[in-house]
Amino acid sequence: MQDLADLYQAVILDHNRRPRNFVAMESPDRVAVGDNPVCGDHYTVFLRLEGDRISEVSFQGAGCAISKASASVMTSLLKGKTAEEARKIYEKFHQMVTTGEVDPENLSDLSAFAGVYQFPARIKCATLSWHAALNAVADPEAGKVSTEE
Amino acid sequence: MKAIETLRKDFPILHQQVNGFDLVYFDNAATTQKPRAVLDVLMHYYECDNSNVHRGIHTLSHRATVAYEAARERVASFIGARTEEVVFTRGTTEGINLVARAWGDANLRAGDRILLTEMEHHSNLVPWQLLAERTGAELIFLPITGDEGLLDLERLDVLLSDGVKLFAFTHISNALGTINPAGELCRRAREKGVITLVDAAQSVGHAPLDVMDLGCDFLVFSGHKMCAPTGIGALYGRFDLLQSLPPFHGGGEMILTVDWLHSDWKRAPHKFEAGTPNISGAIALAAAMDYLDAIGRDAIFAHDRELGAYAADRLRELPNLRLLGPRDERSGIVSFHLNDIHSHDIVSFADHRGIALRGGHHCTQPLMRRLGLDSTTRASFYFYNNREEIDRFVEVLSEIQTFFG
Amino acid sequence: MKAIETLRKDFPILHQQVNGFDLVYFDNAATTQKPRAVLDVLMHYYECDNSNVHRGIHTLSHRATVAYEAARERVASFIGARTEEVVFTRGTTEGINLVARAWGDANLRAGDRILLTEMEHHSNLVPWQLLAERTGAELIFLPITGDEGLLDLERLDVLLSDGVKLFAFTHISNALGTINPAGELCRRAREKGVITLVDAAQSVGHAPLDVMDLGCDFLVFSGHKMCAPTGIGALYGRFDLLQSLPPFHGGGEMILTVDWLHSDWKRAPHKFEAGTPNISGAIALAAAMDYLDAIGRDAIFAHDRELGAYAADRLRELPNLRLLGPRDERSGIVSFHLNDIHSHDIVSFADHRGIALRGGHHCTQPLMRRLGLDSTTRASFYFYNNREEIDRFVEVLSEIQTFFG
Amino acid sequence: MQDLADLYQAVILDHNRRPRNFVAMESPDRVAVGDNPVCGDHYTVFLRLEGDRISEVSFQGAGCAISKASASVMTSLLKGKTAEEARKIYEKFHQMVTTGEVDPENLSDLSAFAGVYQFPARIKCATLSWHAALNAVADPEAGKVSTEE
């Protein structure tokens, strides 16, 4: 039996209760929407870019504790990163939530999501806002992202 | 009704632990479990009688054909229809698509209207959207009263006015637990010459039902929601109406004579069953009906409602809980929203206590939006559930509120 | 291949007496029997894991979803497709109707042509007749050479000429036993830009098959003809082609977002699976594929052909017997006509000796007329049949000739 | 186990080998076709009427032994009968082939079909030509009859 505390670590519960950068950005450079139609999770991610670098990130929306905390942690982490760095962090994160293997470097609060891999139905929740953000970074026309796609 | 503990013994799947706790299966509106008696019939078919139907005269083929057609008779008797009014389908969704294609394409014109309700399952909405696109017909909706989730019957006669050709509605709402007054709705539609389709997915296995009493033109349901296997269901259609329709799919079994460029069809219901049907599924569906009737549908319905009322009462004890659905006369489906806690967190947590719930939009996205919700958490009961399980469930909800508080 | 006697032990149904004789089941082209391994998987699903798929996150629902999607992967690997190219259907007939609706209605115009062959099953003919009626397209037919039942390949290029948009043909003929050169047919069609649909109902469970090698655009088959239960089958479609199509049925499971008047679909394959699918059927189909692969499809195909050739040789010993189908390279399907004795009399008589045959038009009425026949008698073999059974069958045919002589 | 000889009685085999009145009638008053699409049995029944009475009957076509013998026996029996008498004979015949009960009166060669009830898949064969004939008698516009209908 997996332990619930593995899934809902204190960091996650905290970010869920008090999400960081939880605000609609005025005049963002990029906006993307992440939707999970199965459960109704719905987030908008706002980005401001300086050259290749993400200078500001915020989000708004509603969803489960995992998806909200993940978005909140992500916004803290992506600030100041280049598109390439952001992609690399996501890859490690994705690796972790699907295998449970934690890479000790660079993951900071993200390691709180290591328990997600024991709950395969929840992996989509953890990655939803990341899909939206990376999409927004990569695509100047960034639009809607859905975990079903 | 037999004692619940006795009935539970008939269901092998219920006797397992999930995450270290005895399983509490409260996801019956999504699909029900299958009793030993139904599984035995399924096995017996494959171990003794399996063969293709209709076209054969050897012994196994004859046995399979007789059993398959006897299953049709059993379904007919279960819902008060004539045998030739029962078409086997994969389930509710296919039944509705069949009517939308065979009846809809032949009978609707641009400007005609289809009346639905605000509480329909996607399966009783999307096929009509597709039909509307094909024909230029228009969809209109009978509203609900709000969180209580009752149909606003005062609006019905106005909405059933000129141009409405079909009224399709759910008998029991899978998202709210509302029991709609199907007989009255059909009667009022018939008075205006409007064809009715009843989505009985949540009612046929839970309550006594008779299509003649209801006075409906079409009725659809799924076997898997009433103790039968997946992949089988039935469509009831008034015989003269069925007879008047073109076929749905083409192929073997549904034809009388076939030439290179043209074919003639069998009469209803076989006209609508192209290809090898789900033979074992139909036979097992009949066995499920025998099983349900042995318990008694009145008793099942009373038990459902009793548990639904009990669960609603217990849930009202919890703070910050928004309970959906009717105050009284609710079915065994209870849907709610806990402030600030998402349904998927609730379901994951409850699953860790061995309780199977469903969270999400329950295939009723427009209804959710209408209620200003992303999703709800739903517990849905059947005759093998009991009060102790509901007590455990409410306790776990308390725990969840503390955990995420 | 394992010894036949060992394999027979896996099939409970084969060990029974019919009319006082050990059952000889020679009706495999209509439907095959199911091994214990498949029935066990079916039972295990209902005794341990049954739940609705896709929409749930509790443990049972997750198990069911994983098993259902793993079944899709298994089907894909069995036929050399990508997972997202596999749509679960009720069977061959539904698969063809799906393509006729979703691809046909969207792609055909009046004057376009659909090329079929003279040996198609009604299921690969009637859906195209209905499509032709809807769109004004025209059906044309690749002829057969006569009793030998080979396709007249010299006519192919001419017939594949201007205006043909689709070429739909059977891989192995259920009425004649012909094994068509499917790869060559697909290649020649593709050279002309013609979309192909292969009716693999009689081949997928009998011979190695790879959709990439074949080079087909669509391929359809039924589980019940390959050791799986009734009510399940699959459609293969090239992914980009599937993606380009509108949905088939509307309802739950196939949607992304639903609003009152409009909805968005999931990607293929889920776009084509509206409503609760036949979950246990899909899982059992995957188990059947495991079972067949454990025997080896090469071995099964060799055994089929060996029995087909042996039966043809033995039948040629009988006077007044008109044997249909190819002289060599026939599958395990043998179809014949006895002068002055009707196929139903033969089948009734054989049944009295415990032998299950099929008599009639085998859902190929136009082919029968083309051959100047009302019906034929058909024996169709599978890996659990053997030469001794064929000897018994030929002996009974002799007896029949004497009886009616 | 039912005995094959019950189904294929000598009378049936004889009528199958040498069907009576097996000829197309010139200028008949009524013609009806009986079709069993499942097995391809196909018969045409020809009738000449004198007032309410059937003065001549013949048939043509092809099918199994049961259907052919039944048509042959029928043609011998119906000659000279009124429509009402024909219907009554058919009712007894139908009763017999579905229940196996033989009414000693009036059945003559028809009693050879008593064994059919043990072979339910074959009942349609035995009644096919009767359906066609009765239809022709009843309906001046008599057309096609099918056992599937």
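As written, the chains take the letters A, B, C and D, and residue 1 is the first residue of each chain.
By definition in this document, a contact is a pair of C-beta atoms (placed from the backbone, for glycine too) under 8 Å apart; a residue touches a chain by one contact, two chains touch by 3 or more.
Nothing here was measured: the structure is a model prediction, and the numbers come from that model.
Undergrad: For subunit A and subunit D, which third chains touch each of them?
TA: For subunit A paired with subunit D, the chains in contact with each are B, C, in label order.
Undergrad: Relative to subunit D, which chain's C-alpha centre is the most remote?
TA: It is A.
Undergrad: Find the geometric centre of each of subunit A and subunit B from their Cα atoms only, then give the gap between the two centres in Å, rounded to an integer.
TA: So the centre of subunit A lies 38 Å away from the centre of subunit B.
Undergrad: Roughly how many whole angstrom separate the Cα centroids of subunit B and subunit D?
TA: Whole-Å distance between the two chain centres: 47.
Undergrad: Compute the distance, rounded to whole Å, between the mean C-alpha positions of subunit B and subunit C.
TA: 31
Undergrad: Considering subunit C alone, which of its residues make contact with at least two other chains?
TA: If we look for residues of subunit C contacting two or more partner chains, we find 19, 55-57, 61, 255, 257, 344, 348, 359-360, 365.
Undergrad: Can you list the subunit A residues in contact with two or more other chains?
TA: Within subunit A, the residues that touch at least two other chains are 37-38, 121-122.
Undergrad: Select the category (line, ring, star, complete, other) that matches the graph of chains linked by touching.
TA: other
Undergrad: Tell me, which pairs of chains are in touch?
TA: A-B, A-C, B-C, B-D, C-D
Undergrad: Using the touch definition from the top, list the residues of subunit C that touch subunit B in their complex.
TA: Interface residues on the subunit C side: 12-13, 16, 18-19, 23, 25, 27, 30-31, 33-34, 39, 42-43, 46-52, 55-61, 90-94, 96-97, 100, 121-123, 125-127, 129-130, 132, 139, 141, 222, 224, 229-232, 247, 249-252, 254-255, 257-263, 274-281, 344, 347-348, 350-351, 355-360, 362-363, 365-366, 369.
Undergrad: Enumerate the contact residues on subunit C facing subunit A in the complex.
TA: Going by the criterion above, the answer is residues 54-57, 61-62, 66, 255-257, 266-267.
Undergrad: Which residues of subunit B touch subunit A once you look at their complex with the stated criterion?
TA: For subunit B paired with subunit A, touching residues are 19-20, 341-345, 348-349, 352, 359-361, 365, 368, 373-375, 403-404.
Undergrad: Looking at the complex, which residues from subunit A come into contact with subunit B?
TA: Interface residues on the subunit A side: 1-2, 4, 7-8, 13, 16, 37-42, 62-66, 68, 119, 121-122, 125.
Undergrad: In the complex formed with subunit B, which residues of subunit D make contact?
TA: Residues 35, 37-39, 119-122, 146, 148-149.
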